[in-house]
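Several structures are given next for inspection.
Across the two complexes that follow, subunit A remains constant while its partner is subunit B and subsequently subunit C.
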Partner chain A sequence: MSLALTIAVDGLTYASWLFIVALGLTLVFGVLKILNVAHGSFYALGAYAAASLVAWAAALKLAPAWSIVALLLAAVVVAAIVAPLVERGLLRFFYGRDEVLLVLVTYALFLVLEDVTKLVWGTSPYYVSAPYALFGNVEVGTQVWVGYDFLLVAVAIVVGLLVWWGLNRTRQGKIVLAVIHSAEVAASMGVNVSRVYMLAFSVGIFLAALGGAFTAPMISVVPGVSVGVIVVSFAVVIIGGLGSIGGAAIGALIVGLARSLAVHLAPVAELFSIYIVMAAVLVVRPEGLFQQTQARKI
Partner chain B sequence: MDAALTTPAVTRAPATGRRRALTGAALALAVIALLALGAVLPKWLQFLVTMAASHGLVSLGIVLMMRGGVVSFGQGLVFAAGAYAAALAYTRLGITDALGLAAIGAAAATLVAAPFAPLLARYRGIFFAMLTLALSMVAYGVLVKTEALGGSDGFNMGRATIFGTRIDDAWVGWVLYAVTIGVSALLALLARFAFDSTRGLVTLATRDNELRVEYLGGSVRRTMAYNFLLAAAAGGAGGALTVMALGHVDPNFSYWTTSGEFVFVAILAGWQSVLAVFVASTVLEIVRSFSNLYFPNTWQLALGLFLLFVIRFLPRGIGSLWIERSGTRRGAGRR
Partner chain C sequence: MQANVGRRNESGTSGRRLAAWAAGLAALGFATAAPAQETFRLGIVSFLSGQAAESFGIPAVNGAKVVLEAFNAGTAPAPYNKVGFGGVRIEPVYVDENGGATKQVQELRSLYDREKVDAVVGYVGSGDCLAVAPVAEELKKFLILYDCGTPRIFEDGKYNYVFRTASHATMDNVALARYLKARNVKADTFNLINQDYAWGQDSRKDFVLAMEKLYPQAKQGEDLLPKFGAGQYGTEISALMAKPADVTHSSLWGGDLQAFILQAGPRGLFKRTQMVFSAADHVLPGLGDKMPDGTILGARGAYGLMAPKSALNDWWWSIYQKAYNVYPVQAPYRMIQSLLGLKLAVEKAMAANGGKKPTPEQLAAALKGSEWDSPAGHIRMALGDGHQAVQDTAIGKTRYDAAKKMVVLDDIQRFPADCVNPPANMKSEDWLKAGFPGAKCN
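Presenting the complex of A and B:
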């Protein structure tokens, strides 16, 4: 029983940050039709920025509670500075090209950002412990969990609801949906499509950086954190169906639980449990769980 | 079922007869020239060309699939399969012949790929890319966790022999270079035949419009599965040749960034020319070793910028530099 609880909580925590990151990935794909390999690099940027800002807050002798604000701020900074730069300076030259080619473009961007991150922050690891200590431990029955894990779950839920609300209940969101449906028609109706692209990309990058910033306290921030994130969040959005918020949530839960099950019951399978689940889903539902099958065009 | 496309009215691309003879002659000359050149090249350059050719074989497989409109991001799988098979055949079975090991690598990779071929043939675009990626990462996970195969450290293999004789210390680099060049040239020639074969032309037609091919009586899935297997054989041979020259194999052979480099070369080469694949592979190896030497911390940056430059300004790859725009088939209206 306690093992089942452990698996469930571990899976949920893992699923939470995964959902935040994958939501950004699926949003960018939904609007810009770009499967962003560099998404993990923005995650890493968020984590590094968080490390710097939290250290900065500590140097200013701010109360430890400010470290949470620093985490949020880190994600905002990355989204506000790097995302428009990348979208305007690079991606817009490739819109409308083949999807697979765009994967390559973002792969190149990933290579570039990897080294830029190393140039800025060096290769030695960073530790962000202040926010982690802030929430203490939570006892459930005989077991003890770190309170911070539950904060992460809460953040994921809030973020998911906000994005859903923003897309479906606001004017700007409806415009985004119109662009997803048909950029051409939206443009002819007077929508500034390139502004929508920039907005959607920035929000997507914000989510990646947010995921990075909020996981930074749980890991050591080292070069290479981006690599693992990319493939796992790919798996999540592929399982759920590209461009679907609900899909990203279910995908994250499935992947989180699969990994947690593997870690606790069959450690040998930890590295590839995720990919087996992904392959299994693709075999049964080639377009993912929440994607409608598209008609083939002649 | 696909009778219409197994015996077509036009069995070859126009003027292939003469072009084929010319290509064959040029290839033979190039191989002789390369072998002679290899003997005088400095050791590091000899090794660089060996790596370029053996890695180029994997990218050649990707180009073969790219002609049908799909790109595999998991060719690390067959690369690793070939490499591990060759290294295991050497250490466990005592098979030491370089050519034999290359053949074993190709056969093993084809066997590994065979169960997945019919499955993958159903997928296109990023789904194909992601599914192949997942397969290669499963292989990576399995290899890392398999202690019998050395786990994440991998294991070493000794020096290969050639035609039953031990290779002399002074010549080992050149012999492996020659074997790699020879096998690569042979497979390049076969790839050219495959490109110009009926199935190769059906592959090109699939890239343009899949449904049209089906209506004309061709089987797109069979073509895709077949191409995947050919690509696996080439990739396996590439893996075997690589491990012979390196003397070491580890799970990174199947890691996704390795696969990414193979795709990089394939995109750099474009899908029109076989020669371009090996040129692109050599370019990558040169960029890699020089960047490693002169700016070790930013070589990925250089590689990334280079790739962006190619995609932006040479969208059909470096092959398009010497292959003329082929008439109206790929008219200006497309994309």
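Presenting the complex of A and C:
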């Protein structure tokens, strides 16, 4: 099997995982103008919720295929419970304030949620391996991939298409786009802006939790899983342009392929590869690849 | 990213408040014969949050709690059976190591200056150890590094107030290479996957240098350095599978190690290469049957399932297992190892000091070059001018025992401290490059 194909497959699977998480991050920024540092915590909550629900499904002696439903349900549960609490109970008090302040608020939330996950789930590792074994292995030449990796690619494509369709082909999506363009004008036209904020934030949290839930079968769910993903996700949305769905997709692909190339051809540059790409993009397009230059509002 | 610092005084403010009340009553003439009790305030720093908490920080702190409780109750076996430290009750102050080296420097200063601790035992992260050691030295305060592995602490620096009560990582990797050689494991080629920071880089270098001497014909293949906390190893596993070597070495630990095993196992990597892990015992209880059979691993000492049989080890297993319903692995072992050494040093210094609490200088003099028995065997402060410990170690091979529902270790081989540690006054790297001069393996 050619090295090029291995690099492409590894890059694509890594990009899929990244895209699901980064999409939520970029959506929340696009609508609410919040650089959400706590996004990684929602990812961790999704992973922990998935661990609990898959264990619950196993205890009920449901067929193994139900574990995939449990993963989806975990993301829904996290979004349904956490989004109203955080958006209505905390963030809405800071709308319109300096973006730096909002970064600090979400950072504080990140710290709080780290301890909340420890209080609820403790510090012992959780294993959710049942879904990982559901799809068998795919052998190509000398390589063997787990079928579940390709499920992640499918999930990323479906999620990306659904979000694009929802924003561009539905009435509710048009309203969200109107709020993104100008919340003040949208409000003057009778749009319930705070409801749009709530909706967008819930979808953002759902996507973070979905990323965590579908990652849980590949890792041991332990305190601190939220940290690594958020740093790379920020790199993705900065490359693609904050607030751009297409940008998140292309950014994830660029990061995934850059990392895969580095690991296979120059392992010492693995970490460096992601950030050199980000730096190169910012030099050429400081606003990211897909974000349009904004006119200054007076 | 940093999580919050969790600082907690084990006896709490209520203890100090009671002491203050007692002192107040004494001043008013209501005192009984006993004065307010003096305590030995002990700072304990380990990961209470973040990625290292689950595998290292929390188990180590759990170990400290049961041991200090036994010390204060006077229930530890002889010669550790005096109450507290020489009759002085121990008052622990727990601090979270999470947050990076800069933060740890501030936290250490705070422990000495504001919490007024008499000694600090702490630090899992090699980067943290490298950062805090000069600070304790500058402040002239007593510090024991109980866990971190980088050999550089006492090889690149000289300290009067800083000690490490466990062997450094050179031992782990020399023992792995010696185990392969002793068992005639084919190693014409070897791959490497280690985290890209001080611990991973040092471990990688030590293993490569040891292999150059023990397997001079062996060719090094893939040399992967994923970042700490990567979580996703699909690409690295592809690289290792594309060019499989006879042996693949790794010093991955904690959540990273578990993720790597969970992702590499189903892809069949363990069937294509002999995996050797330098510090993997701590994932065995959790992974259970997900841990592939036949994996060669070390525990950074003769810890856990590889600990030698002794009354002290039996006592340690029983109190830890009773408290936490799991057997102790390397991190709590290294914690009790440090606390036993500290206890004897404090009591030795107190004996020479008329029973008074010792100064940092007296404590340092008592611990320097000392020896004591631990559940993992005999500990000798033999390197770094009496500031760096050496100890025996062991390597074993995994097998899931379905009847016991746990991973057991077969083919355990023990290595004497002088076989796998460099001699005094010789740097690890020089010792490895020179072909282990002075090593005593029989």
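We adopt the following convention: the second predicted complex is superposed on the first by the 291 of 298 C-alpha atoms of A that agree within 3 Å, B and C clash if a C-alpha of one lies under 4 Å from a C-alpha of the other, contacts with A are read in each partner's own complex, and residues count from 1 in each chain.
Here is the rule we go by: contacts are C-beta pairs under 8 Å (C-beta built on N, C-alpha and C of every residue); 3 or more make two chains touch, one makes a residue touch a chain.
None of these values were measured; they are calculated from a predicted model.
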For the three-chain model obtained by superposing on subunit A, do subunit B and subunit C clash or fit? clash
Per the contact definition in the header, classify A:96: touching subunit B only (first), subunit C only (second), both, or neither. first
Mind working out whether A:234 is in touch with subunit B, subunit C, both or neither, as first, second, both or neither? first
Return first, second, both or neither, reflecting whether A:192 touches subunit B, subunit C, both chains, or no partner chain. neither
Have a look at where A:182 lands relative to subunit B and subunit C in the superposition and call it first, second, both or neither. neither
Using the touch definition from the top, say if A:2 reaches subunit B (first), subunit C (second), both or neither. neither
Just to be sure I read the superposition right, which of the two partners does A:170 touch: subunit B = first, subunit C = second, or both, or neither? neither
Examine A:111 and indicate which partner it touches, taking first as subunit B and second as subunit C; both and neither are also allowed. both
Go through the superposed model and pick first if A:279 touches only subunit B, second if only subunit C, both, or neither. first
Where on subunit A do the contacts from subunit B and from subunit C line up? 110-111, 114-115, 118, 227, 231, 268, 270-271
Under the touch definition given earlier, write down the residues of subunit C that touch subunit A in their complex. 1-4, 49-55, 58, 196, 222-227, 229-232, 234-236, 238-239, 241-242, 254-255, 258-259, 262-263, 266-268, 283, 286-287, 290
Would you pull the subunit A residues touching subunit B in the complex into a rising list? 35, 90, 93-94, 96-101, 103-105, 107-112, 114-116, 118-119, 227, 231, 234-235, 238, 242, 268-272, 275-276, 278-279, 282-283, 286-287, 296-298
Inside the complex, what are the residues of subunit A that reach subunit C? 3, 6, 9-11, 13-14, 17, 37, 40, 110-111, 114-115, 118, 123-125, 127, 129, 132-133, 137, 142-146, 149, 215, 218-220, 222-231, 259-260, 263-264, 267-268, 270-271
Residue ranges of subunit B in contact with subunit A within the complex: 70-71, 73, 119, 122-123, 125-127, 129-131, 133-135, 137-138, 140-142, 144-145, 209-212, 256-257, 260, 263-264, 267, 297-301, 303-305, 307-308, 311-312, 315, 335
